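Pasting the structures in now, so scroll down.
The following pair of complexes shares a single chain, chain A, combined with chain B in the former and chain C in the latter.
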Partner chain A sequence: MSASMLSAADRRRPWLLLAPSLITLFVLMIVPIGIMTIFSFYEFVTAGVEKEVFTTANWHEFLTDSFYHMFLWKTIRVAGITAILCALMGYPAAYCIAMTNYKHKWLLLLLLIVPFWISFTIRTFSWIHILGEQGVINVLLLKLGLVNEPIRMLYTEGSVIMGMIHFLLPYMILNVYVAIEGIDRNLISAARTLGCTAWQAFREVVLPLSLPGLMAGLLLCFVLAAGSYVTPQILGSTRDALFGNIIFDTIMDELNWPMGSTLSLVLLIFLGAVAAVYSRYMGLSRVLKGLSG
Partner chain B sequence: MKLTTTKRLERLTERYMNGGLDRRAFLGLAAAAGATAGLSMRWMSQALAAVTEVRFDGWGGVVQEAIDKYAFQPYTAKTGNKVTQGTFGDESEIITKVKTATPGEYQIIHSSGVEYYKRYVDGGYNSEINEANIPNMKFVMQAMIDPFLKITPKLSGVPYDYGTTGIAYNTTVISEAEAKEKGAALLFDPKYQGKIGGYGDMTTRVWYAALATGQNPNDIKDIDAVWAKVRENRDLVKKYWSSGAELMDLLAKGEIVVTDAWSGRVAALQQQGSPIGYLDPAGSYAWMEDMLILKGSPMAECEELVNFMLDPATAIAVAEGQNYPPSLDPMKVKLTEKIAKMPAFDPTGTMKSLTFADPNYWASNLDAWTKQWDRISKGG
Partner chain C sequence: MTTAAAVDLRDVTLAYGNFVAVKDVSLSIRKGEFVTLLGPSGCGKTTILRSIAGLVQPTGGEINVAGRRIDNIPIHKRNIGLVFQNYALFPHKTIFDNIAFGLKYRNVEKAQIATKVTRALEMVRLPGVERKLPSEMSGGQQQRIALARAIVIEPDVLLLDEPLSALDANLREEMRTELKIIQREVGITTIFVTHDQDEALAMSDRIVVMNKGLIEQVGTPEEVYRRPESRFVASFLGQSNLLPGRITGIVDGLATVRLDKGHDLVAAAPASLKDGAAVTAIVRAQKVVLGPPERAGLKGRIISTSYLGGSAAYFVDMGGITLQSIATIDDRVWREGEEVSIAIAPSDVLLLDEGGHRLR
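What follows is the complex of A and B.
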């Protein structure tokens, strides 16, 4: 009897330990999503006023209005470019940190985290002083006589992507670093012993084994970039807006909460689908299968 | 702010003496006040003391600094009551916050005039102020009060200042003669492509596009022509700014050389020595701001603060600090020379020289036009 009571307590323990997380998730995620879902079926009356009647008008508008489709596609494109550039820039950096023999490796990792000590908004604003017409680059180019008039770099799609890379690169490097750091060095030594060149050892051993980290970094960068609205707001022109900015304007400018909720759910569903596809096709299982084969 | 029991009783006596309260009601209320004072416990006084501060939300930057320095700080020094402050860059932002907050969380808003006043009323956030508690309202121009009365017979706010959104230009690039000759057409001049700015707000964009197409902004006959002009401007613009601070930054750094701009912010730039000129073209967009008291606020305390802000000495100091003329009637209050020189200042107190947005006309088009502007601004 005592054993069965203990068993019941044991069964409850994981739930008790998980309870704070589950309650937090429920209150801060499930409930708001539920409220947004309800709002998406309300009727917009005028700015800041909605009627609590069931209507599918907002969903119909999203599905039939090419304006929203265009911005969803644009968001996918910009987020995709950002994630790929983060991977191209982040992988070599992560590889170097992981493989270095420098005894103070912690210092390199600390440097990666240092940007997080400064406010994200301030870091984004700092690009105005670098890319602006009176910014460091233009002033330097003008003084060196390389250009006759300032080059337009700010308030473009390029400056938005650059701002997002600035914000997302540490996430990519950390993900890849953890993956490379976890690789058994004996495998690389074995590959070299069996005749692989350094490049072949990297291509055949390090790269496949670090793919989970790279993919996780790509997913993280893509999702965060696709949901971004502050960076395009600060570094882009209105034409460089992403889907997040459309949501922001619908809610904050038009005060159209039903439509804003609908668009928020669309982005949530889309990013959720991307994560699901990653998990199904690009996740660890594929890499592990490759290894076992 | 907490009103003392003595002050409450003084007001009660005053109402009774003025005939606003019958003897029976007066005695009843006085007895209730006495019983409350006699039976009050420690926690009660603490609860009452909680209303020793009022929440104010404004536009930030030099404008709010002036209000804080010349109104709130002296008010706190005089009464010991604090004014908690917040800021917003766009009034829709604060309306969203008000909508999600519990009544009373946001109390006094430095609202940008009649069009927005209607939004608060539509949302049911307006209160009814007791003008008897704001005796300094007698100094306010009637011409500024009337538009609000057309929306609600009982006011929810008090007009406080006014200004214009005119044309600001960099004098090192654009001469005064060129600015005067072209006026609002500067915003559509291809010569300055990539160096033009503008307020990213539907009303301002439509207003100037209407002027550029030769239409009355308060009675637009051909809205398609206006949208075409808005698109034309969009393709020339480098950046639509979204706050006064951003406007000043863009102009000061030379990122833009011409933009529509808030008169007070330009005056602040000029005082800082920036080479910026300003002109109000014919039909320039004029607006008035009010101190709006929201539903659920501690009314007596908010009214007392607003009354303090409307005191001529305070209002003049604030006006000089924020570079916007006060709502005080120049026929009733002697204003300073500095105020008389401010852009948009109306010495007659009738406001007839300024063109304000017709609140009913703009309110009836607000939703559709805001949506269309949001699309055009993003390339639509």
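What follows is the complex of A and C.
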């Protein structure tokens, strides 16, 4: 076999290995997005009927109708609150798992993943039995005579955020855990011998060095929360709908595919822009490192 | 306790459950002294270092530094400089901030910090790198920065945990000399941990040889090398022949050792030596002198020759006993298979008792 033949085969090999994922990505992502882009320029006639002409009416409607702006802003706000709460709750947990001297650390990590074994929808529905009017908390409070009528906890923005934290927290913890786990313990010892208390050493060494993991966790939680649809559908009232639910209604109830496509693209562009801006300031490699770790 | 001791360990013990890492270690170090803890991995040398720094807590005994008991005070209140094997420079801080770190927590004023950092960098021969990050420095440079960071706080004692082992061979020798020069200049009491006997012999004022959590011998490099107190020290430092045998006669301060295969070796007899005692004779490889076969004395045959340039290392078969010999090459190199005579001066034979301790 000649050297040139070998190098030609060598040059082909990466493409052969990448082919399955590239084809899958192309067929299942690029093509549908392309089709949706085309649809977003079609004219909506009536439910389920659209005319294949070029019009910017759908985009114009999105840009001028404050209804959509309000829901987009609400989505950003809810996703932002969720991501920050995940960070506040997840960081201490990740720190404890990373720093523990407990022999079976894998068990703690396994506990994080256990909830994923139960269907996401079932996990979300379970909150109804906890927060609902006939749920555990209200029944208990009524029995104890602490309240006269059930407290409204379900179908509020709070319950939506709670449900999202429930499913996003493991992502945050794992991201932060990987970052903390990667910190050389000698750095902490060095800081201590140079005069830091345990808390000062945390602030000087652990916190700044785990920041990439925390930032990656924040981005991941924000994007997943902003794109969520099931949680607000199950745990929120109609007022607590997020952008994903608006898209669902537009497509499935109004059968307005052109507008639905437009809104889908808006969310895609928005979340893509968030990730792009974020990685620009954070350095994409650092975020990716936190994600892959 | 003498007031002169800069570091004083008394019966320091550290046990993890049933495993005793360090057992009843007592050691007194003078101000300005360079002491090396030498031993194989797991001998407890690093544990002692970490107990002084406060990173592990001894289960018994006490540690005094600069006349103050420190084993019961928190790490950040002990004034100790520690240099790690992997340097442990803060990767997110500039060289300036790395070195200034300890000063900042000692509430030194800003202007003074700048002066001290500059001076520390000059001391480690790396002026002008303040704005760089550790990742922009080579291994040897990072080592110097770590040293500067540790000494800039003017610690009571400088602890070095195998600081040279991550460097490549050439740089290691260079840093060895440099480290020693800097230590002399600053006059700082230093405890150096290593498993490398060459480093220990080259740099130390005193060497503490450790094995299995116990101190085997404390002495100057020359003492521990030339007069090992135990079987362990003899075999750990340098190349030695350990030859079991029995005393068959003591005449005029000279003892005859009958070796296992029937050879007789003459040794200078220590005062406590008894006739008939089972002993181990220790002979340094450099003290096994090979000569032409016609010369009188023990006879042997060369099994292997390693030519080392200025010297050669031989394995010699002496009637069933394999001897190691290292000789500087002045006239000739002995070849494999050649017959040789073997001469060992009585004063070059050290005798150990059955327990492996040197007879005096």
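Following the convention adopted for this analysis, the second predicted complex is superposed on the first by the 282 of 293 C-alpha atoms of A that agree within 3 Å, B and C clash if a C-alpha of one lies under 4 Å from a C-alpha of the other, contacts with A are read in each partner's own complex, and residues count from 1 in each chain.
Here is the rule we go by: contacts are C-beta pairs under 8 Å (C-beta built on N, C-alpha and C of every residue); 3 or more make two chains touch, one makes a residue touch a chain.
Since the model is a prediction, treat every value here as computed from it, not as a measurement.
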| item | value |
| --- | --- |
| Partner chain(s) touched by A:23 [first = chain B, second = chain C, both, neither] | neither |
| Which superposed partner A:152 touches (first chain B, second chain C, both, neither) | first |
| First (chain B), second (chain C), both or neither touched by A:113 | neither |
| Chain B versus chain C as contact partner of A:35, first or second or both or neither | neither |
| Partner with the higher number of touched chain A residues, chain C or chain B | B |
| Which superposed partner A:136 touches (first chain B, second chain C, both, neither) | neither |
| Which superposed partner A:252 touches (first chain B, second chain C, both, neither) | first |
| First (chain B), second (chain C), both or neither touched by A:273 | neither |
| In the complex with chain C, residue positions of chain A that touch it | 184, 186-187, 189-197, 200, 204-205, 208-209 |
| Complex contact set, residues of chain A against chain B | 44, 46-49, 67, 71, 132-134, 152, 154-155, 233, 237-239, 241, 245-246, 249-256 |
| Chain A-facing residues of chain C, complex | 53-55, 74-76, 78, 80-82, 84, 86, 88, 90-92, 101-102, 105-106, 149, 153 |
| In the complex with chain A, residue positions of chain B that touch it | 90, 92-93, 95-96, 99, 119, 122-123, 194, 200, 234, 237-240, 242, 253-255, 366-367, 370-371, 374-375, 377-380 |
